[in-house]
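In what follows, chain A forms one complex with chain B and a second complex with chain C.
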Partner chain A sequence: MKTCYIHSVVSISAQDSFSENDTIFEVREYSDYKISAVHPPYRDFIPLSQLRRMSPAVKMGVAASKKALEKGNVEQPDAIITGSGLGCMADTETFLNTLLENDEQFSTPTAFIQSTHNTVAGQIALGLKCKAYNTTYAHGSVSFESALVDAQLQIEAGEAKNILVGGVDELGTEFMDYVHLVEQKQMQPIQVSLSEGATFCVLSSEKKEGAVAVLKAVEIRSKIAEENIITEMHDFLKTNKVKPSEIDAVVLGNNGDAFDVYYENLQQQLFPETDCLQYKKYVGEFFTASGFAFWMGAQLIEGYTLPKNFFIRKAESKPYKTVLLYNQFKGSQHSFVLLTQC
Partner chain B sequence: MNALKQELKENIIEQLNLEEFTVEDIDNDDALFGDGLGLDSIDALELIVMLDKDYGIKLTDPEKSKEIFQSINVLAEYITEHRTK
Partner chain C sequence: MKKGVAITGMGIVSAIGDSVEENLQALLTSKSGLGISKHIQTHHKNAIKIGEVGFTNTEIATQLQLSEDNNFTRTSLLGCLAAKEAIQNAGIKSISEYKTGLISATTVGGMDMTEKYWKQFASNPESQKYISSHHAGDSTEKIAASLGITDYVTTISTACSSAANAIMLGARLVKAGKLDRVVVGGTDALSKFTINGFKSLMILSETNCTPFDANRSGLNLGEAAAYLVLESDEVVAAQNKSVLAYVSGYGNANDAFHQTASSKTGEGAYLAMKKALEVAGLKSSEIDYVNAHGTATQNNDLSESIALQRIFKEKIPSFSSTKAFTGHTLAAAGAVEAVFSILALQKNSMFANLGFKTAMPETGLVPVTQLQKKELKHVLSNSFGFGGNCSTLLFSK
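On to the complex of A and B.
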């Protein structure tokens, strides 16, 4: 496959990942069952006249994409590809609640037109006046990775040189309360907060000055039996000509539920001495939370020091040249992402 | 009439998410569209639904809505004359 260079990665999360410093120095600790992202002053990125109609997902997406394009030195991308598990939940709730309250009468347009999964990619394109390829993937916890796969294919086919890729999900108003209630009925529920966030990056077929890392491989598997995760990961690495011992860090999507056993098995059996990191304890669980892992991976390869709280296991300080990201949700929708130094 | 104008301003700010405005910022003669409050065509649809829902006024002629939505004064006058609830 053609090399896919990462020119910037920007993330809005429940941590200060969108700060001026471009990294996190102090970790915010949370105990609530749902937590909001640390929202930046959006008026710095979006005209007030547009801001008033935007839900948090759109605001996060537009602000993160603007910064990602700016950092990647790209004015007009050749494609905009996003992923979102739940789309614009806040406006979906508004629209449906209004229908119920008014007996399906007096439906207004704003919430409806802003409630779809592709609202974010659409608003980014409108803001940029970009009429290029524009697609959104709604595929649960592999929504962001699906967008990455599409971007890789676009670059491989020579359809696009510079691609804006992102993943975004928002809490909404009430929906997550019901998710929490259902989750609490599980034998071993998710132990981290439910949350929201947006990660955007610029991928390119050309290596330019300031390139952050290389997106070496992305793979999505719908189902993997618990006992097969080691073999599957081994095969993924072998396909990409990387030995487990060559992985400098593994970023895992632990959320405390019964399915964390997938992460534990990998950590203990395949990567017994490799640096292992987690993030959902600090940025919460949402369908595109793995975008934050992508940001962490890029940070490690760029040479930033992540706070020690993120490390499950850390060996001596060393440069991170190859980073593996692994995520799954309830034992399904597994994603393997391999990042390497340029 | 003054109570109605106050009510209209509050509803417009809330329903159109005019976060930067307070009731005091909107003069009764300010243009709602264009250079005044800067409302647009999507806001016009929201206002048409608001007239139907809150005052029982059904607007079907787009030209008519242009006249009615000139300002709070004009809108309040029209509602007073035509409201059914």
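On to the complex of A and C.
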């Protein structure tokens, strides 16, 4: 079975993660219930003629994919695999509002064509003239991880050498307001902003100079009872022959809601002394937000220093060789990702 | 030739029936399920033919014994019905006995309810339960819960090739030993969103569609859900299961030509079929029957015909599109047609390409126009979608 190397990871988020520095120096603080990503100058990546028609999701996806391929030194990937929880929300809203407000008359196809979940992967393929394997996952908070599972499977089986993998979600205009409205009625609602972003990476079967890290394992579990999270995580680590004490950092998906208890239990019971990091406080919550944790994990292993705000707990400086990512949404859609040094 | 991954169960609900048996009877008697809509309220109601499932939402909710305040969308309801039949058909008593996953495909997700309540979400608390059921993953989660699947659960959304990709991924996961058993397929309910979308593209037919006909005038939309149960050789052996057929090959490629239109050369379709044959270790001459994508749009049918000519050369196997039975069921189509392909193998029957009269001048290809009996060993099924997504599955006895 081949090793799955990570050759590049880039992330567009509500922080300056997509800047030329390749890392974040200063943290932006937010208090709004809804925040946009820090959008890069897209004209640096996409011809103006195409840019006009593109929704934020497509712009983020195309720009992030270009940078990921460039950093990974890949021109034509052997597969393009994306994940998006809500797909192209902006065009979905546009088409829906037009048809409802005009009583199903005068609908034009542009927004409809661009509303499908696979628009981003399709546009990337079109731009690259890439006829390879192409697919899109749309399963809430494991959309990005589903793409990772597929890619890892192909690389381990030797079916593909270089794979472009990404996760992207956009805010749109009104649906997020409704999500927020309902969320506020919960006993302990999500405490972080609702947001958007895109994380893209190149995974490869080749160990080459400049490889960032190894994607050792990725697993998805639809449901885990609160009392079973410790055992499940233990089993996951055991399967991958890693002891909890060997984990140098755990990146957690805390968003402040009642289900943060999953993270707290892990932190206290399984990783009482390990460095723990969080990110949703700074990049917001969205279905592919965990892609940002993947970027953080890669940053840690590459030796970048992440701002201290991200650390829930930090020991003295040390190299990060093994990083664990854990995320869930409302007690469902759990993902475990294990990254190691090359 | 490689054996492939065992299929031990299947379930379906479509315009031609609420079970595998009902669908089979309609296919064997060449009875189309297309008609004027009964459930969906749209302005275009009388101007188009669609393939609607007979049950109302309430009827399905009662069958599934859901509480009155449930927030199941029609996509979820259809999905649960078909997935339950598949599990039953596979004779599965205990889900937790083996490592079991679910991969479901959908394009519209909860859009049928979203579009109904969109303008009320802000003000009407009653409608707000359908906010969390909008996203594509919701229907999959509900199906997983109704089957008791808690392990690997995900959703694929690659427009009209979605379910084919779900079946492909399931086969790959079982082959790699990552799962012992997986339920794979797709579900899509009709919605005003998709009806108006295809209407705006001017590819909806006013009459029953006529795939591969020279005078074809577009597609009929349909709704459906269909699922297969795939099981590893170990599970099949341990439980002495009867195998319906095997997923012997699969291929996924991108046309990389246009966001919605297929290329003139059918490149994506050609590549998907080529890969599927390679995975199965089969020669093109070994394919006995093709269940074509055949939506009856000008663009698809010509592009697919050319791709068929490229892959099969002069010896094009018998082929037909079953879209005139069910309508184009979008994300579910790949699974609906997988069920039909398996039925074709079981019954040694090739189903009629309803409505065909005249071969298109560009290719002269003539599909199977009446139910035809023939010993079938290998059936190829195509599914293509927006975004250039092209997928091919191979089913073998």
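Rule of thumb we're sticking to: the second predicted complex is superposed on the first by the 341 of 342 C-alpha atoms of A that agree within 3 Å, B and C clash if a C-alpha of one lies under 4 Å from a C-alpha of the other, contacts with A are read in each partner's own complex, and residues count from 1 in each chain.
What we mean here is this: a contact is a pair of C-beta atoms (placed from the backbone, for glycine too) under 8 Å apart; a residue touches a chain by one contact, two chains touch by 3 or more.
Values in this document were obtained by computation on a predicted structure and should not be read as measured data.
In the superposed model, A:105 lies in contact with both chain B and chain C. In the superposed model, A:288 lies in contact with neither chain B nor chain C. Residue contacts after overlaying the shared chain place A:52 against chain B, while chain C stays out of touching range. In the superposed model, A:274 makes contact with neither chain B nor chain C.
In the superposition on chain A, A:17 contacts neither chain B nor chain C. By the touch criterion defined above, A:8 lies against neither chain B nor chain C after alignment on the C-alpha atoms of chain A. When the two complexes are superposed, the chain touching more residues of chain A, out of chain B and chain C, is C. 105, 107-109, 113 are the residues of chain A that lie in the contact sets of both chain B and chain C, per the superposition on chain A.
Against chain B, in their complex, chain A makes its touches with residues 48-49, 51-53, 102, 105-110, 113. Within the complex formed with chain C, the residues of chain A that make contact are 80, 84-87, 92, 95-97, 99-100, 103-105, 107-109, 112-119, 121-123, 125-126, 128-140, 142-143, 146, 149-150, 153, 156-157, 175, 177-179, 181-182, 219-224, 287, 332-333.
Residue ranges of chain C in contact with chain A, taken from their complex: 42-44, 102, 106-107, 109, 114-115, 118-119, 121-122, 128, 131-132, 134-138, 140-141, 144-145, 149-159, 165, 169, 172-173, 176, 178, 192-193, 196-197, 199-201, 252-260, 267-268, 271, 385-389.
Partner chain A is touched in their complex by these residues of chain B: 15-20, 38, 42, 45-46, 49, 52-53.
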